[in-house]
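Quick one: structure below, then a few questions.
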C-alpha cells in the first residue's frame, strides 16, 4: 500500500527514527549552483531538504520563513553567496541582518534557534553544501517535530507526523 | 617570558651526555629560568618502541607528559628524539579520543591522567623564543668573538613538520650563536641526519653520514660544531675515530652542545659546563678564543 | 477561485538518471490524482522530455487540452529551462508560464533511498504546480548593446581578442597595466615547438593593435571600478601619469640614453638587467612613449637632474602630468590578465636566491634573448663563464601538494626549448630532471624526439635538492643536483654549472580583488571560474564578462590565442544582435501603496530606485534594476512586487512543498 | 567481504593514522629516494618499496633491508609531493616484520630493538651496556676493537653509564604496560 | 537460523583458514581486516559471536576493541573469543609467559594456531552460553 502523501519519507538506515521536513532557500548564482554541483558529482545527502530558488538571498522575506514553519516545516535552511561574492554586490549582508532578527523573533515565538540555519556556499562548494545539509538534519532530528500552530486564526492543518519513539 | 619549566633530561643525559645536562642547568639558572626535573620519569623509547607497538610508545611518552601535567608546567626536552616522541604523542592523543581513553586506562595503574594541557618544547626553543636573542645578548659577559661555529640542527627538532618553523632552512640557531658573539657559518648540511640508531644497526651507512657532516663542517671553516641533541653529539664525536679509519680522513672537529657555548659566553667556568669530557678536545678552539678575547673589540667577521 | 488554470505535468525519465532512482510512473499518477484541485488536467512521464519528441508532446497537449500552464520535472533550470520555454512558445503559450522542477540534481542524483527520493520528487512537483498557477505572461527585456568592448590585459590573448573585434569594425579599449602591451610573450626568446623568435611573431600583432583605428590603447593604466551590466557597462580607468606628453613624443629615445639613473628592472628583465628611470620596457614596445618611474627618478626624489627634459627635442617631458581618470562605456568586457610565475624561493632546498647559478625560467628567457642583458649569451651569474653542464628541473612548484597541486601544462615543453637553446648556444651537456614528459599538442612529441637526438640526458626523477656542499671529488665549485633516477633506482649526485628551474604558473596575486571588481568569482586556487569548464570556457556566469588565456588556467600560447579569438567571436555575436534579451525579472512599485518611507532607496546597490519629492513616492528604474528582489522583501507596505519571484508564487510554492492543499486520503494502517 | 586482501591493503591497515590507502596516490616521482641519506645502502629505495607493496610483492619487501635502514629522519615525508608519510610506512613495515618474525638475514636492527624494548619494560630506563651483546657479535674483529676502545675512552671521561638506573614506581609501571600488552611476567 | 559471526584479524592467510573451518560449521562469517572496519561492521549488523585478534594496526588494538565493546550497551552482550598469536609475535618481550587479557572480561581466549575441532566447540559453547544468559534475563 503506497504511503499517503502526508507520511514522511523514511530514511532507509534508521527506519524508525523521526525524519524532519526542512524547507531550504537558495540563491540562483551561488548556493543553488552548489546544489547543482553536488548533483552532478553524485554526492549523497539526506532527502529531508526541499529547496526553493530565489534570485538572491536578499529576496528572502522573513514571512517566507514563518510561512514554512506554520506550514509544518521542522526547520528552515537559508543559504547564499559568501560575503563579497554576491552577484548583486552586497545583498547577502542584508539577508544576514534579517537572519539574526529572525533568530530572536523565532525564539520569542517558542521555536528553538537550532531550527534555523544560515549557510554560505559558493558555486564550487557542492561537497560542503551536501555535508552541511547532513549535519543540519542530524542537528534537527533530536529536536523532534515542531507541530507549530500559530495562535491567531490562520490555523493551518499541519500534516501529522507519526510520533515514533526514538 | 615563562620562568619555570618541567625538565625531562632523558636517558643519555644521565651519563653519556652528562656535559649537556650540566651546561643546560647552569645556563638556564644564569638566565633566570628554573628547570624542575620531572619526578620518576621513564625512557621515551627513542624510535624503537614503535617497531613493536605504537600504543606502547604512546603509553611510555604519555606517562612522562602526565607527570609533567601534575606540575602544571610545560615540559622541556634537551634531546631531539625525546622531544619528537612527546610532542607527537600529545598531538595524537588530543586528536584521537578513543586512543586517549585507552592510554589513560593504562596510566591509571600509576594514578596518572593525561589531559593534553601540557606544552612540549625543545630546550633550544626555550633559548630561541622564551628567553630570546636580545635577552641572551644582554647577559653575555665574554662574547665568543671570532669563534666560527657550525649550527647543526639535526633532523628531529624541526621535522616532522609542526606548524610554524621553516622546515628546510630555519634560522633560530644562528640567531642564538650571533647573540653570544660567535660567527655562525653557512653550514649547508645543517638539516641532514647524523644516522641516529643506524650507528648500531647499519654502521657503514651511519659512518658515511657522519663523514659528510664533518667534511662539510671542515669545508665551511668551522672551528666547532654546535649541536642540540645528545645522539647527534655521540655519533659525530665518539665515532670520529672510526670515520677516520674507515675513510682515511683525519677529522678532529670538536662537537659541543650549544648550552656549553652559551655557558662560556655567560662567563660560567668551563669545569661546570662539562668541558673536558669531549673526545675531540675543544680546548684548542677555545684557546684561540682566549687570545682573540684578549684583543680588545675585534671586528666580528660576518 | 475564478477560472482555474489547466496545468500539464511532465515527469522526465532522463534515461535512467531520474528513472533509476525515482519511480517516475508513480510520481506521474500521483500528480494526476492528487493535484487535480490545483488544476492539473494531464500528467505524463516520458523517457527524454528535452528531446524534440518530448517537446512535441508538450506542444500537442497545449493545443489539444488547452493547457494554460506547464510543469516539467526533469533537470536543473540552468540546463533546459530555455528549451521548455521555447517549446511552450512554439505552441503560442507564453514561455514564462512554464516551470522546470529539478528532480534530477535535487533528488535522483543525490539520494540513494528510492522511496525517499520518489516522495521528495512528489513534494517538489506539488511545489512547482502551486507556484506556476501564479506565473504571469512576460516578455524578455530588450536592452541595447553598446558596440564598444573593453579588453583588460595586453598579453597575446588580449591583443588577439582586440584585433578580432577591431577588424570587425567595432571600437575596442585595450587596458594594460605595464607601459607596453606584449605581456610575458615579449620576454621570451624563442617559442616551442617551432622555435619561432617570439618577438618576430608577436611584434607585428602589437604594431597592428597599436595603430588600429578602432583600438584605443590605454597602457600604464588600470581598471578601478566597473558599474552597470551587460550591454551597458561604465568602466572607470585610471591612466597613470607617464610624465611624457604623448602628442609631442616621437619615441626617439634620446631621453633614456641621457638619463643618468640606472634601475634594476624586476619586471621585464626579471631582475637580470637594468633600465633607466625614464624607459620603455623593450625596444619594440607599443606604444613607443617612455614612462618616468617616479620612485627612482632623481627629479621626483631630490628635485634636481631633469636631463631628459633638457635633451628632449620636442620637449615632450611633462613632470607635472597627473593621473587621468577615464569613464568608458562598453557593452562587453574580456579579462585576459594572464599569470604570474611561481616564486621559486619558496622551495628553499632548490637554492634559488641563495645559490648564485640557479636561474628561474623567466631569468633564462632574458639570458637567451638577443635583446636581453647579456645579448643572448648564456652565461653564469658572473656574466662571463659559459656553463659546461646545465641541469633543467621540471615541475618546480607544480604537481606538489605543498605548493600547487595542478600541472602547469607548459613547463615540460619550455624545458625542452631551454635544452635546445643551451645545446645550440653553448654546446654544454644538458640534464633534464622530469617526472613525466608531457607533449600534448601538434608537433610537441616530435620536438621531444629532436631533443633526444641532440643528446640531452633525460633523468626520470623529481629533484630532491640542489646543494653546493661538496662530497665527492669532481664536485668542487659545482652545483650538485641530488635526485633518484627512478628507472634504475640509483640515487645520483649530478654536478652541474647552471640550474634552470622550470617554474609553474600561478594566478595573479590580485586575482580575488579583480574578480570581485568585475562581479565574477575565482576558484580556491585563484583562477577565474568559467561558465562551464568543458563547453563554455571563455564565458563566465555573469552576462557580458568573458575570460581568455592563462587567467582561466595554465595553457600555452596557441590555446591563449584561440581563447582570445573565441571570446571576441562571442562578443561580436552579441553586438550584431544590437540588443540583448534579459530575464524579465524586475521589481516595480505600486504607487498607491507606497508610503514614501524610502527604506528601499538605499537598499539598492545599482541606485535603480529614485524618489519623487513631489509625490512622496519611490519608483524603480527598470533599466538599472537587476531583479535581486531585496527591496521587494524589505518593503513594509508590500508595495513592491517582483516579476518571476513574486510573494504569491513563493508562498504558494512553500505550501506545495509541504503538501498542504492535498486532499487527505484516509491512511490505511 | 572479499575473499582476501592484497598486501597493499594489509600495509594500509597498519598505517592507522591515514584514512583509506595512502600508498595509492604515489606517483613514483622519486623525491623520497632522492632525499634519503641512506638510500645508497638500501637493497631497494623507499620509492621502489612503495611500488613493490602496490604490486603485492610481500616476500621481496619483507626480505629487504630498506625499512630496517630507515633512520626516521622524516626528510622524505616533509618533501613528498603527495603528502604520504613514508616514515610511518617504514615504522609499519618494521612492526609487520617483527610480528611475523620475518626479516632479512644478519640484520642487527630487529635484535637490537627487541633487546632495547625488553630492557625498558624491565627497568623503565635505558642502560646502553646491556644492549651490547645484541649487536657486538655481528661485528668483525676490527669493529669490536674500535667499539671497546670507544667504551674505555667514555669510561675515562666519566661518560660510561656503569650502574643501571631504574624508575621508582616500577611495579605500577609494569602493571601499566600490562594493560596495553596483556602478557604475563608483568605482575 | 544460521548464526552470524564476525572475525576481526589483520592476517589474511589465518583468516581464510578460520573462515573455511567456520563455513563447515554452517556459520555465516563476515571479516574485517582492521580495527576501524571491525567497529563499523559491529555497529551496522547484529552478530552472535566475535572472533577477535589482538596484534593489529598500531599494536595491541584488539584490547581497545574489546574494551570499547564492553562500554557500548548494544555490543555488550556479544560474546568475544580472542584468538591471538601474540605469544610468538612478541615472544622476545616475555619469553615463556602466557597471554591473559585479565583487564577485559573476555569470554574465552585461544592461541594460534587453533585446531579446527577445538574452535568449533568453543564457538558453539559460547553462542549457547550467551543465548542461555539472554533467555535467563
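Which chain is which? They are A, B, C, D and E, in the order written, and residues in each are numbered from 1.
Quick note on the criterion: a contact is a pair of C-beta atoms (placed from the backbone, for glycine too) under 8 Å apart; a residue touches a chain by one contact, two chains touch by 3 or more.
These figures come from a predicted structure and were not determined experimentally.
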Smallest count of steps, each to a touching chain, taking chain A to chain E: 3
Identifier of the chain whose CA centre is least distant from the whole-structure CA centre: C
Pair joined by more contacting C-beta pairs (B-E or B-D): B-D
Farthest chain relative to chain E (centres taken as mean CA coordinates): C
Chain centre separation (chain A, chain D; CA means) in Å: 53
Whole-Å separation of chain centres (CA-atom averages), chain A against chain C: 33
Chain centre separation in whole Å, for chain E relative to chain C (CA means): 58
Numbers and ranges of chain B residues touching at least 2 other chains: 52-56, 102, 105
Overlap residues in chain D, where contacts from two or more other chains coincide: 16, 40, 95, 98, 114, 117, 178-181
Two or more partner chains touched - positions in chain E: 55, 58-61, 63, 90, 93, 103
In contact (per the touch rule at the top): chain pairs: A-C, B-C, B-D, B-E, C-D, D-E
In the complex, chain D residues that touch chain E: 1, 3-5, 9-10, 12-14, 16, 95, 98-101, 114-115, 117-118, 121, 178-186
Chain E residues within the chain B interface of the complex: 55, 58-61, 63-64, 67-68, 90, 93, 103
Chain D residues touching chain C - in the complex, by the definition given at the top: 27-36, 39-40, 44-45, 47-48, 79, 81-83
In the complex, chain D residues that touch chain B: 16-17, 37-38, 40-41, 65, 68-69, 71-75, 77-78, 85, 87, 91, 94-95, 98, 107-110, 112-114, 116-117, 120, 124-128, 131, 135, 143, 146, 149-150, 153-154, 157-162, 165, 167-169, 172-173, 175-181
For the chain C and chain A complex, residues of the former touching the latter: 26, 30, 34, 76-78, 102, 104-107, 109-113, 115-117, 119-120, 122-124, 126-127, 516, 519, 521, 523-524, 529, 541-542, 585, 603, 605-606, 626-630, 632-634, 642, 644-645, 647, 650-651, 653-655, 657-660, 662, 664-668
